[in-house]
Each structure stands twice: as C-alpha cells, then as structure tokens.
C-alpha cells in the first residue's frame, strides 16, 4: 500500500471510532480492507477470531446494541456485521507463504469514550476527519489497525517464507480483549509475536525495539451494602456504607510496599449515599491494583480484598467484590528485540533506535505475549515514535501520519528477517 | 368546611405534589381554595409572602422552570401562577376579626422527589388519587395545607377576636423555606404561633400538645479539587481527591461528642473520580451537622469545616465548601402547649393527649418559632396523630383522613381559646 | 465530734493518701477512729467488708505489696493491717439503734497517683499536712471518710431509731471498688442509701440534694499482635500492629451517636512498636466507653469491640481485648432527694440548695445505688459544696474544711428524718 | 597478624560492645591495637577523627556519661579515653607509603542495645566471650574493626605504594556517624574508598564484589500537643493528640507510590496519652521514610511532613517535627567492584564471588562513598560472607571467624591492586 492509502484508511477509521467490544464498523471496515488486498488470506471474524467466553469488562447489552445499530447505518458488509452481533468483535487474518515459521502481529483497534477536540489547531478537525461518534481514537489504535493491514500487504509481496497472522484485537482500552484473543486457537503455533504501539512520548523517527515494564493489573469493583436510617433521628440504626468505603479507601492506599518490586493501587471511582440526612445504604468503589510482576499484583489484590472485607465488617455492612478485567505482566524477549533494533536502524526515516523503554502502565497484549512465550516462542512489543500534540487519552491527541510508514517498514522488515534466520 | 371537602381538597393536592420551590400548582390551588371561602381574607402570594432573598437550597433554574411549565398546563389562575415564576412559591392568608391578639398558623406545602407506590394496598392508588407527578406527598404536607384552609374557614365562622394569619410555607423538605418566610414582615406582630405535623408515628386520635427536640441543622457541600494522573505510570503526579474525601469522612464522624447535648453528623452523599486507572481529580461530599441547640450545631459545623480543610490540605487538594440550607433549634412554649393540651382533651375523636414528645430531626418551622419568641410571643409545634401505613418519606406513606378533622378542630379550638384568655 | 476533731482527722488522712486497693494505712486509721468513738459499733474490715472476688482494676501485686510495706511502718493496729494484705481494703461500720429502717451511707477513701503541689499558696503545704506519699487526696476522699465517721458519731448520739451502716469504700478512682462492696452482703437490707461528694464546682454553703447524670462506663484494653519485619528490606513481611491501632482509633471515635442519649468514647492511651525501622509487632490501646444509661454504654462497647476486631483483621493482626473496670448508670430517687433538700434548707451554714445537678462523669457508687434500688430501697447521691482552689484531680486541689460540718449535719439530719417518716 | 591474633582481638571487642556514640572502650582498644603494630601510623582520635558538629542521632548526655564512666574502669589509655569524652568517638589511622593513590577503608565499630543470648549453642557464651555489657555486637562490627586493623598490618608489610587511611566509624547503627566522618577533612584526598560488611545472609566463602541498593533514609520524630480534658464530662474541651496521631499514621502509609523507584515509610513507634478517661494531651511518633534515591527519600519526607502537619491541624493540635538521622543512597562503582571481584576470585578460602547484590536497607557508609565520588574518586561496598546462626540484630547472631581472614585478604589484595594500576 502506498502512503496515501495508509493515510486514507487511517482517517476513515478515525472518523468512526468505537469503544471496547463495540468495534462493529471498525471490524467490518478492516475486513473490507483485507479483502481488497491482492493477497490470499484466510479471515477469521468475530466469534471465530476470539474466544467469546473470555471477554472481560463487557459493557451493558444496551450499550452494545446501541453501537451495533449505529454501525448498521453504514455501508459495510451486512453479513460480516451480523456475525459480530452481541459484542463479538475483532478479526484474525492469516497469510500462508510456507511451512515455517509462524509470525504473529498484534494490533488493537478500539477507541475511547471521549469527545474529540474541534479546534482549528487540531488536525483531524482542520482536515475534516474528526470523529463523528461520541468516542475518539485518542490513543492511536486507528493507526495500529492501519499498520496491521499495511504489513500484510507488504509481506504478501515479499520473499517471506512462513505464515503471518495479524491479530486485530478489540477492547484493549478496558484490558478486556487480550485474554479472549489469547485463548483462541490462533496463538498455538506462533513462533514469534510482535505487538506495536505508536507514540508513548517518543517522537516521529524514533523506534523502541523492546518495550518492558508492563504492570500486571486487576480491577476490583466493591459494593458496600448497609442499612439506611435518618441521620438526625436514629443515627444508631444505620449501617453506614459511606463510612465503610472511606475506611477501605484509607487502608487500600496503605497496603505495605513490597521489596520485590513496584506495586500500585488506586481507588479511582467512589459513589455512595442518597441524601445528606440519610445514613448511606449503599456505596460503590472501583479500584485497581498493579504489580511489576503478576505475583506482585496478586499480593496487592489479596491485601486489597482483605481491606475491603474488614472495612465492611467494621461498619457492619455486607460486601460484594467483583474482580473485573485483568492482565498479567510480560517481558519483551531480548533476542527478538535485537532483530527489531537491527532492522529499525536500517529503515528509512528512522533516526534513533532505543533498545529498551519502560511502559509503566498496563496492556493486555501481555496475554498474547505470555501465551507465545509459554510454548517456547519469542515475543516483543515495539514502540513506533510519532509526534503527538496532545497526550494519550486527551481530546487533542493525534498521530503524525509519517509514522504509519515507519511502523509498516520496521515490522515488515523484522518479519522477513526472522523467517530468514530460522533454520 | 365539611369532612368531605377537606378530603377532596387533600386528594387534589396529593395528586399533584411538587418538590421544594416548585410548588406552583400547589400554591395556586391553595389560593383558589382560599378565595372560594366565605371569608374576608387578605392574600399575600409568592414574592409577597416570603422574603425572596432568604430562600435556601434553591434547585437549578432549569429544574424550577420545568415544573413551572408543567403547572401552566393545569387549570389554575394564570396571574397567580405568573407571580410565582422563578421559584417564589408559598402564600400567607390574613383574616382580621379584631384588634388583638395576632395568632399565626404555619403549615408546609411541598412534596418529595420520590415515586409513589402503586400497589392495590396503597390507598391513593386504589382510590385513584395517586401522584401524577415524579414526586409524592410522602410526608403529609397535602394534609397540612388542607388543615390550614380548614382552620381559616372555621375561625371565620367563630367568635374569635383578633387576627389570624395562616402561613403556607414552601420548601420545608430541604429546610429551605422557613427562613424566607420568617424574614418576611408577616411575623412581626404575631403573638402566638402554632405549627403542626401529622403522623410522626403517633396513631389517629393522639395529639402531642408540644413537640420539642428540634435539632438545629446545617448542610455542608464540599468539593475537593485534585490533579489527575495515570495511577500506573505516574501515581506521584496525582493529587488524590478521593483520598482527601475518605480522610474527611473518617474524621467527620470522629468529631468529639459534646457534653452540652446531642450532636449529629452525616456524610450522606459521596462521589468522586472518573476511572479505575486515574487518580481522582474531583470528589464531592454532601454532609450535614446537627445539634440539640443552635450553638451545638455551630460547634459541629466549625469542627466539620476544619476537618474538610485539613483533609484537603493533607492530600494537597483545593477545597470549596458551600454552607447550604440551615435551620436553628427551637422549643415549644409550655404555656401555649398547655392550652393545646386542654383543648385537645375536649376534642371529639381525640383519645389521647401527650404533653411532650421529641422530634429528633430538624424542621425549619423553627425559624418562624424563634422569630415570634424573640419579640416576646409564644410558639408551639403540635403533633396530630394519624395512622400511616408506610413510614414518613417512604413510597407507601399515607394519612388517615380522619385526622384532618382532628387537626382543624384542635387548632381552631386553641386559636379561639388564646383570644379569649388574652386580657 | 467537734469541728477541730473533724479537721484533725481529715488532715491526718490527707497526709498519707493511698491509691486504689492500697488504702492500708487509711483503712486502719478509719478503724482506729471508729473504735475511739463512744458508740457500740460492729466493724467489718477488709475481706469482711467487700466481696473480694469482685474487685475490679486491681494493680500489680508488686504495687500492692510496696504500699503494704510502707503502711507497716506506721503506728496502726498490726492485726487490722494484716487482715488487709493483698489488697482487701475498706471497712463497714454498723450501728444498731432499733429495728428499722436500715440506712446506708457510702463514702470513698482512696487517693490518686499524683504529686501534691508544694507552693506556699497551697494550704496543705502551708499548714504542714501536705501528702507524704507519692499520691494525693486530689479529689477530697479524705474529707468523705471524715464525714462518714462524723455522721456515725452524731447518729450514735441522736434519737435515730434503726440501723446505720457506713460503707468506707476503696478504689473509687479506678471504678474498682464499688462492685466489690455492692456484692458484699451488707447492702441486702438497706432501705435508704446516701452517698456524698464534696466540691464538683459547687462552693462552700451549697448543697445539691440529688446528683444525676452518672454515665455508665466500661474500660477496654486491646493489644494488637502483628509480625515484625525490617521496614526497609522487607516491608511486605510485616503485620503492622501500629497501623491496626491507628485504624481502630479513627473508627472508635466514629461510632455513630445514639438517639437515646449521650455516649462517649476515648482512646486514652496508645503505645506501640520498638524502633523506627521495624514494622511494629505489638501495640496497645487503653480505651473507655460510656453511656447515659447502661444500655447505651453496652451499645458503645459492642460497637467498639467490633471496631477493634475488624481493625486487627484488616492488618492481619491478632487481638486480645480485656474488658476492664466498669460501672452502671444510676439515678437519685426524687423522694429521698426531697428529704435531703428539706433538711439542707434548714441546716446552719447552708446558703443555697440545688435540687438536681448532673455529674457528667462516672462513679461506682452506682453499683451500691442500684443494688439498693433493685430490692426496693431508695438511693440518693448528695453534693456538698466546698471552695476548691484547684480543680478535682489537679495538684492544687483542696477543700474548705468548713464543709466537713455541712456534710455531717445534712447527712445526719437526713438519716434522722427518714427514720421518723418510716411508718 | 596471624589468624589467632585476629580472633583474639575480635573476641575482646565482642566482650565489651558499646552502642552508638558510646564506643569509648572500643575506640581506645582499637588505638591500643594500632599502636602495637610495627607500622608507622598517624592516628586521629575522637574529635580529630570526626567533625563533631555533624554527629547525628546523639543519645542523652546522661546516657553518654554512664557508658563513659563504665569505660573508665577498664585498663585502657586514660588520655585516649579523655579525648573521647562527651561522645566524640571513632578514629582514623593513616599509613603513608608513597605519593599516590590514597585508598580509604571504612569499617564501623558500634554495637546494639540488645542482650546477647546465653545458651550453650551460642558460641560466644560457650567459648566465654559473651558480652559483659547491656549491649551486643549483633551485627558483626567487632569483626569489621578487626579486619580494619588486620588490613593496615598487612599493607604495612606489602609493596603497596601510596597512602592507606582506615576509618573506624562510630554510630552506624543509628545512621549517626557516617556524616560526621564524611565531613572531617580525611576524605578529601581519597581516590578509592572501600567499605565492608560481613554476613548479610551470604555464607562463609562468598564475596559480593559490589553491594548496591542502599535506600536513602530519614527519620522523623513528631510530637502532637493537644489539650487534656475529661473524656466523660467535657469531651469537647479536649484537643486530642491520639486522634491526630492516628490520622497521621493512616495517611503516612498512604503516601502515593512513585514511578521513579522504590519508596518506604514506617511509623515504627507510637506513644500517647496518660489515662483511659483523659483526652490525650500529647502523643509521639517515631517514623522513617526511605527512597531508592535521595530524591525519592526527599519526596517521601516532604509528603510525610505534610501529612503530620495536616493531621495536627485537623485535630487542632500543635506539632513539633524533628528531622533525625539521615543517610543518602549510593552506588558501588563498577570499575572498583571489578577489581574486588578479580582479587576475590584468586583469594584462598573464597569459593564464590557475586558481582552484585542489593542491600535493601540503609547504611551511612553512603555519606563517605558520595564524598569520595563527588570529587572524582571511586567507591565500593564489599560483602564478606560469613555463616551466621541467628539473623543480624538478633540475640543469637555470631560470625564465623574464618571470614576475618577472607576479609583481610580480599581487601588487602584490592588495595594493592589499585595502587599498581594507578598510572
């Protein structure tokens, strides 16, 4: 694909962003783009691409349905769309060009529930491809999907010998889709897995060969159930869900640090009670814990659960804890990162190659990386620099479209190289 | 008025309940009922009845306007309605039958923002006068307004000598209207003030001559403003509004008890943060403090404000505290309560008279009571028992309409008696 | 006894104060004074005066023994002293002068562990009767014991018909002796019980006929057992007793207020950990809860225990809670207080009689009062005003010795009067 | 020195351990040992060895004096002893054998305030050199001092060219002496600095060439001053120091984690209040904060100070915070550690050489290391394995005396080597 084709595809996806598990138009548009390539691909779509039983952090049905109805208004293949109904989004494209090796490339495709900026200095607005939805590609997944398609096209036309699988993964933003894709059968024979992300504060022309420092993460949603009472007339008859929650929040942040490595905790969302004069009957807390390793995350989760339980007990409340979405930690294999670094150094437009950088946050690509590593394969998460005016997840985020080509070239080059070096 | 007229009026008001500062239909309907009496009344409506500058706990303009528009669809005097626009509700009816004394009767008229039960065992539903609004007379103010009108009618037809003023007060449920009415000029010459409430767990046939134990109350609305940050990647960059709030809640309940009498505190509503992985940027707390005396409430408010301020400071957050609605404490004068008790004992249908009972909660009738007491008058808050199937403020609350007559007779008798005893 | 004898006895007791359960010299000196009266008394001393199994808040044996050894140096009856060994202090003196009624008078005799002031403006220092011990009569119990002896002497010489029992109770300051005395057999036939206290901010010449507002009280001693760990090297291996304690303290004060009446809570003493760099292995908390009624105290104790338990659980600590000393609430009977008031009004030197006043604190005379009331008797706690330069429990506390006579006269008069009025 | 001389010296020091800033006998004994060597040394003792103005964590004068008096009973040079009076302990020995380089060796010499085990299975007890003091060499500093003397002796007898300075540093256990030694003039010309520690869970025969992971540390001692009040009678009059402390402890542990690296916090010692029924007037907290870097420690200290201040403010208490002892982080230079590793690999008795290990805790050798590094020198902290039956700081700690020789040989070899390699 030419640069202008990449740009055009990316802009089309940018115009119609869809949040996690609602990537109906997006998946259908990706399938359409893949089918238009001159390549002999096997396509697995929706329930054939993911293991539907392992979808995490699913939104309400009504939410899913509303976005599905919206997608039906667009000019996309109705059969493809129908197969995605109910939130079975995503796709896997397979290109067989030889026995071995099997190389995987994972790109994510979802947007964020945020309104895009509309100022004249925001290029998508100025150039007419601002989001038409109540959502926004504020993290660059539109360019990830585009690079994925660009790589297949390039590999189809190359000397690569082996099998290439491109994973168009849904629901990364809620760390909800990685597990479903990892638990599909498509990862079983993958020898090398590449994943990619644009930006991350690296400018256009910079490549990070192997990103590390993925924190394992787990969400906890706790609801405290107390007993309402009139706060003036009968304070002693209440069982105060707000007090339970406050005690929990104070003690969650105070879970001991761990000498094995970094841990995190956040009581991100709190909500409780109905009126100033009523002892709160119900209070809700959405929290998350993280760890530099999966074990450290589990340490935090176990301690956090104890805090929630004891805080409920202290104020005589009942407690429901739902463990929500979750992702393990993972590491980029040095052996594979070295190949990326070599290729990148020789790629047009790449001015600087960093061997390593730390993500600091979490990513559910780790589910796929570990799946591959556990059966003996190698995995590497590659950073493709791009100048981005606003920070990730902000309303003024945008990518420098020059980096689409860098992404395609570095990944294609790496895929070709590993097929050559394989005995 | 005959019993059936009282019932009919009460049911009409019950059908169209309106919450605080939105009693447009209600006020107009009261005015209509007053005008239909064979009595020579002076009527003060809306801005002439209350001191608009002292309205507390006003809802958003859009809320006020929506209920105003709804009221305009009903068959009430458009001029009366127009005079209430913008949330200037309530009325004062004055009946002059002699020089002195001036006796006041305060009744409140607002409903609650709650959906009424619709089961067959809920009489208003069974009998066809269930609320047609997204609100409900779940505290009996429909019967208070009805009794107020009944008393004027009875006094007009009695030997009473002096002036009777009936205060149809809006916005009691949010302790928002008492001050506005007390700060009008209408209280200045009142020698005796009576207020009334139905129910309060007293059965039909029981009268409480003088209710006491009004807790002074004040609302505090606090907003903590922090700084968002990614909880995984940059936890140290956040200023955590949820942590500040939790620290505040823990310490609010821990304000020292006071040896001068009862105090209360409640952090009734909490809400903060936007996502599990973001350090909360903003958190909001709706709290209230109370005291057996106004001084005790002020003690709690001062301590509470200190807690909020220090909790914000601890987590490096900014703080906005709005002191919301407020009501003082008050006491029923024994001299006047004794008259009520005597009259009640001789009233048909009254089976039991309690001299005193304790409210336990708060009421902004206290503003009017203190206004009268401060210039040397006497005030008394009378309880009129009524069997109520559900508790006050619940969706199955209802009154036994027999108590309408008890209310009218006891209050009318008391008003007559004080005019006789006055030298 | 003449005034100067009362003064002389009081000063002797003042010089040798002994704290709770260590009143060895004090008891022996009281016995000596009783024996020197021209009255035919039955004396019950030490284990015969109290029920030793119900002694609360006993100090360490070594403490008891040290004070016992000190007492042995004084010129008191060695046999009396020997009978008190091991902390069985106190005495009961019985004077039989007729069949009925039986009237009891309870006075307490212990000092406080505090060093007495030695300034020239402190009368005991100036006049040479300052404490010679590491303790002080900083609450006037020296004058209580003196009044008790004065009353027996006066009654012996009066027309009183019936039986008088004077209870010289130990260990009031730790609410430790009341129960032991109440559980002796001596209360079983008491028809009227009087108790007394000097001062309480009432000046010389003022009598409070019936004191009320005794808060029921209970002590809780909690120890949190955690696991030490190096705070730098292995923070995750600790189980932090200091954190558990801090969580408990925060939540103890936040136990909901109760609409039935006053409650109190105090985490008075805290102590935990061994070094800055070690996660605290053990932490100790001495707390108390109170209530206007015994039920309210029990409400606080049950909630408090829950808080302690949950705080331990939250930080994975073990917990030991010891319920310590305890006293119920009680009420002065109006019937008996009326007699006191009448007598007091006619007593020389008494300038003002208050019918009622509130104690606000706790007192274990309530054990005796309830014992008598439960079998149908009447009880009353009398306040005898005295000018006191320093507050109770401070190092400059002292009594105006004129009030000794007031106490003797009012109590003697009351005892005579009830014997007359008894049919 | 022969092995038996090393052992004998170590056992003598072991018998008379002295805690921080009280190493009177220890310093004098070290000076005696140095003077008995056949070497031409310059000795700097007490105030000449350290900068007295920078002594941190000094004990009470009475404590210092008591240990000084004890030391005066021993057979040591009274002039040396006199020069140490007031807690100016420690020594520096300088051996000049050529122009350059200057190599430093830092050993620490203080014991711990802990009673040594006396079971037969504890070798110092069995062999008769158990501590005779209320202190114990429970961290092996007796062997450190011994190795220091052994190294000087060996270097005196070697081909080494340059200057050797051995720093016998006091008060490491309270991180109190490092700064005072670093701020003396003796470090100014040091080109290479070695420090050493035995054990640290490494067995006899193991050498760690370069230890890292020193956490910067700072102590905070906070005192909350409130107002006492009777918890039953006047709870509102108190200003509760215990509540302030509890709020502080809860929030100290909840200081946000930092993405730049490890942080620590511990509220190790708490103490407050005087009686169950008195609102606590005063409460004291001994805490520490640490960071992987000095900056991270300072982040924690600043946040911690804010927490203390706000907690005091919340409960209307006054606050005094004393910043106590403190040590920075530091890193062993790879260049120097490589030399140690090489030498160790060729040393008799050394079976295993680790290049790096992490300390996890804190050490004030870092003051000296940074002093040297800041003027361009190299520093390295060497671990000398020793089998130790009990853990460091426990009553059964002991060293395998075979490791004395390993320490002397590895350090001597390294010192020789750097003098050869220096151009």
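Going by the order they are written in, the chains are A, B, C and D; count residues from 1 in each one.
Please note the rule applied: a residue touches a chain if its C-beta (ideal position, glycine included) is under 8 Å from a C-beta of that chain, and two chains touch if they have at least 3 such contacts.
Predicted model, so just to flag it, every value in this text is computed and none were measured.
Stepping chain to touching chain, what's the minimum from subunit B to subunit D?
1
Taking each chain's centre as the mean of its CA atoms, which one is most distant from subunit C?
The most distant chain relative to subunit C turns out to be A.
Does A-C or B-C have the larger number of C-beta pairs in contact?
Most C-beta pairs in contact, of the two: A-C.
Given that subunit A and subunit D are copies of one sequence and touch, is their interface built from the same residue numbers on both sides (over half shared) or different ones?
same
What whole-number Å value describes the gap between the mean CA coordinates of subunit C and subunit D?
About 53 Å, centre to centre.
Distance from the CA centroid of subunit B to that of subunit C, rounded to the nearest Å?
Each chain reduced to its C-alpha mean, subunit B and subunit C end up 48 Å apart.
Can you work out the whole-Å distance between the CA centroids of subunit A and subunit C?
Chain centroid spacing, subunit A to subunit C, equals 70 Å.
Taking each residue of subunit D in turn, which ones touch at least two of the other chains?
233-235, 240, 243, 247, 250-251, 253-254, 256-257, 259, 264-265, 279, 360
Considering only the defined contacts, which subunit D positions touch subunit B in the complex?
233-236, 238, 240, 243, 247, 250-251, 254, 256-260, 279, 299, 306-307, 309-311, 313-314, 316
For subunit B, which residues are in contact with subunit C within the complex?
250-251, 253-254, 256-257, 259, 262-265, 360
So in the complex, which bits of subunit D are touching subunit C?
Listed in rising order, the residues of subunit D that touch subunit C are 215, 217, 219, 230-235, 240, 242-243, 245-247, 249-250, 253, 264-280, 283, 286-288, 290, 324, 359-362.
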